[in-house]
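Below is one structure; the comments refer to it alone.
Letters A, B, C and D mark the chains as written, and numbering starts fresh at 1 in each.
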């Protein structure tokens, strides 16, 4: 305790404590609750249920277009959202196509790893039940217009270099009219202008799984019907994983559920620390005023 | 004295973590989840997986060491990350984009034209060579004299962006405006079978929504209405709404950052130190 | 829609008409009223306070490269540098983009030259290019604020997560802080640690208010009229829907 | 002509193409049914044989046209007789599958109105034998004698969503048969189309396969209703006997067209047999969605007696209308998309080249003054030259090595065929060992700053900051399982204390309203910015050009 700290009042010392103490306490909270995976009641946001019901009633003869654009930074949130939805699609035998962008090649690699893992477990075949396109340059709306009008002509090959024409599943999916739902998993759901160039033009429903930060910008679009579902952060992933587990599709607990149970206590720690520091400020002000009168 | 006490603390902590890690190495062979993980990532054997996990853990620690002081350990891994990221995206663009979405179709079109004559789609594909020529103009920015030539490619993209901005904007704007037409006192027709209280709550919610949008719109007026009491009053209400929206943004920002850190801690403890459940 | 419907064409003509006519009017010299932004009225008090305590002033230009945002920030910087030069105070300008360095140097020298104080402060120790990496930039500026005990800290332009480091360092050093940024996500962090926060469209209004560029001012006024039209539509639409419960006439008209 | 003006003109021309392509329609001129014709329905009214059909100008936007048979030839009216109206929200996206019935109060046309929700069964009445119609809105059906329509149930509280329908008016009573999404047929009858009461059980459910029919129609024969239900070339007929329905099915003969499936679409007596004229969907020759040459006709002749079909007779009544002139602008969008993507993909190498130049120069300069006298960039105390070389150029060398290794491994190890080769393993190794952990660690590093910033500087100094803090805490805790745990302690009725409910309302009402206004401001701002760039008013973009 430095000399200058000693004569300060107790509340001032609390208010301006050394950040290393905070880091240490926070690390303890996270490590303890990481070891002890506490079973928590997973929240149930409205828009997660709406996306689940929509995938439950999707027509089997159309495909789902998944835009996998999340990066290494938001694996904690978006990987759970991506994995839970493809497990649900596999269990309902709905075919899906995964689009990736050259501006974020990590999304392609991470998506590929998750896809291979889940396909191996649910014995699905690349080219018959799912396909991953090769990366496309995100040049804004003009790219989406060409993609919507002619998928084969624009994408040309899948990630393994096979022509889309020879892939058995792609025979009856040529334009956006054969797509029943677009689902974008990314840090920022608005990064690719699906709403301006595809959803409002062809009426294809659009759902989004986004990092917590950007999910708050999605609510005006949910209210106006331009977005038909939203998975917000790790909590959204956990809610969808709970539904998938209850439907008996996969026994293992998902990434979102594990993250969310530790995150609850971390959030509680941050909220309590903010309240303490504000309380300390009021107390030291109050003591200061009492000392002056 | 203070500095040396801090140093001892970190050394003790480091040794403790290293001990757990080495202890983990001995147990790694026997844990079933580790074998499953090796099969999932289809790595040749356990040794390669453990080496990969060790390097990943060291790079995490290097990043977190930047919190205290910028050190050569961090700079090495930062330059390694920069190299990997740039190399990977350029390899993807070269192979998946330029080679197979541009060169291959053009080659096929030329072969097609040679065999059975011109068709409109082949001509369009061959005309894409022009795109490559313009793409090369980007590299004039390294020459002082012809610097402006590199701006041609930028202008084409800018012009296209500006032209398409009208479509993107109005396709988003119209549903947002019509979405704000809210029924402030819904009747039986709108909500069949709802009690009076439920309809009253829905009416209040819609009223709060419309007032919120209108007042925040007025908050961002700059050219008029400075003295008009209605505009002044409603922009004050607008500022309260914005405070709540900013609070929601702050709350959600925290959610994202925490889950990123927890995912990293999960990796370090579950896959590296093998002390928590995979 | 794939192609513009009739209501959209009307909107395009209306909004473009507002914007272009207002730009032409301001170019021909018509005096346009722009309400002063409350956060920016206190710039003079901030500089005055820093001068009394004889503590330097810092002006951050954010993370913008050559763009509209950078020119708005530079306009305000010109004003601040002139005010500081009058009180013969130094203005430190940390930079994140090499191209922005050249433009900032030009504005900085003009400011001091206008007040006849060219040689008073060396450019090298006031203008410094830190780094394009966000975390390095944040750590560098936070260190600079604490080392030089900055008295007034202005943060203009777009920011990423480094906004937190700057705001907290400035608040620790007891500086009078004003933040003005269009990036909506960083506003909560500025809001709780700065004395005044200006955000959203007000950032562009600040740029127009200070440099009176006819194109920027005219288009701002044109945008205001467009927003007024949309506001009237919203109020009208809600009223009509509340009166005629069964059909939403204005919505059907707009989505024709 | 300065270089800056050349650039501005290029930007303007490219922008003009996309602007015009958006503003001008895809095609101009041509008749209302120039894209597709279909769903013919025939009726006899005051001695005249009338035929209504659906014509499309755009895919899916149905408009109803009329034809009259005079002196053996079908003559088409110039103007369509019924189309979507501005202020009737039930047929906002067009009309399909009409069914014409001659009723005492006038010729009645029932149709399915298409809109953003489910199709709505509506009807219109005409006094002048179908030249003009007055719309009467949705048909009202009810199961409990309460005949009311609602916003989300315009046709009344019917058990299932309508997929197709058939209607008939016989001895003063309206009969409407509904074919629903779950392959059931319900029957409703009533004095007029606003008071139809639905029978308790569906009349036909078991015999229908899980496949939706091509068309579905009812006509009366000898005072009794006959339900015709057609799937590809299988025709089922249901006749009422007592109060249940028995079905008879027969196969329609192959016509001389290639894959012409037959549809029942209204009935007209032709001497020797019952002529199922026309189709509910159209048919004959070309597949269903090929525009411009579709025809409308049809026939499956059926003998009156024992059901053996006679040879079909194919005749064409209505070809597709005069085709419009395309504006040719929309032809170019696909090509423009590919063009701009290729231009964009060339730009990605610039980042790599800049980094290689920067780090290469560092290595070159450090190598140049390797043993030069101690300069200020040397370590204090004149350390060995090798340590200085590593201090300055070491990290650049690390960057270049990793760059080269990653480019080669990524090029060879991307595809699945490379599985098991050394390239894919080393590519996966590099990605999972360095790029992935570093990326997420850097992103999560900021959490530590947030925690210390949250503790030290997030103080409630003003009422506004207090509002912000309260909303932030409600949002954070409300979306976490902790909020769910705390909510279970509070009784169900106290909504305001339930954090998940409160954070949901805060996000979907208050935050949505406020951010929608910010969004409108941003969208109008982007119109202004793109207008300035397009018209060349904004010079900041060309600042580095002379």
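Keep in mind that, in the parts below, a contact is a pair of C-beta atoms (placed from the backbone, for glycine too) under 8 Å apart; a residue touches a chain by one contact, two chains touch by 3 or more.
Values in this document were obtained by computation on a predicted structure and should not be read as measured data.
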item: Chain pair with more C-beta contacts, B-D versus A-D; value: B-D
item: For chain B paired with chain C, centre-to-centre distance based on mean C-alpha positions, whole Å; value: 25
item: Euclidean distance of C-alpha centroids - chain B vs chain D, Å; value: 26
item: Separation of mean Cα positions, chain D and chain C [Å, integer]; value: 40
item: Multi-chain contact residues (two or more partners), chain C; value: 1-2, 4, 12, 135, 184-185, 188-189, 191, 200-201, 220, 227, 230, 246, 248, 255
item: Junction residues of chain A - those touching two or more other chains; value: 73-76, 102, 109, 136-137, 139, 142, 154, 159, 161, 200-201, 213, 216, 220, 223, 225, 232-233, 235, 260, 263, 267, 270
item: Of all residues in chain B, the ones touching two or more other chains; value: 41, 66, 88-89, 92-93, 96-97, 101, 157, 160-161, 164, 166-167, 169, 171-173, 175-180, 189-190, 209-210, 213-214, 217, 220, 243, 245-250, 252-255, 258, 260-261, 263
item: Category of the chain touch graph - line, ring, star, complete, other; value: complete
item: Residue ranges of chain A in contact with chain B within the complex; value: 2, 30-31, 34-35, 37, 73-77, 102, 105, 108-109, 113, 117, 120, 134-137, 139-142, 154-157, 159, 161, 193, 195-197, 200-201, 211-213, 215-216, 220-221, 223-226, 232-235, 255, 258-260, 262-263, 266-267, 270
item: In the complex with chain A, residue positions of chain B that touch it; value: 2, 40-41, 88-89, 92-93, 96-97, 100-101, 104-105, 157, 160-161, 164, 167-169, 171-172, 175-176, 178-180, 209, 245, 248-249, 252-256, 258-263, 265-266, 269-270, 275-277
item: Of all residues in chain D, those that touch chain A in their complex; value: 18, 116, 333-334, 336-338, 340-345, 348, 414-417, 431, 435-440, 442-444, 448, 450-452, 454-456, 458-460, 469, 473, 476-485, 488, 500, 504, 507-508, 511-512, 515-516, 519
item: Touching residues on chain C, where the partner in the complex is chain D; value: 2-4, 9, 12, 15-16, 19-20, 23, 66-68, 70-71, 99, 103, 135, 161, 164-165, 167-168, 171-172, 184, 188-189, 191-193, 200-201, 204, 215, 219-220, 222-223, 226-227, 230, 246-249, 252-253, 255-256
item: Complex contacts: residues of chain A adjacent to chain C; value: 200-202, 213
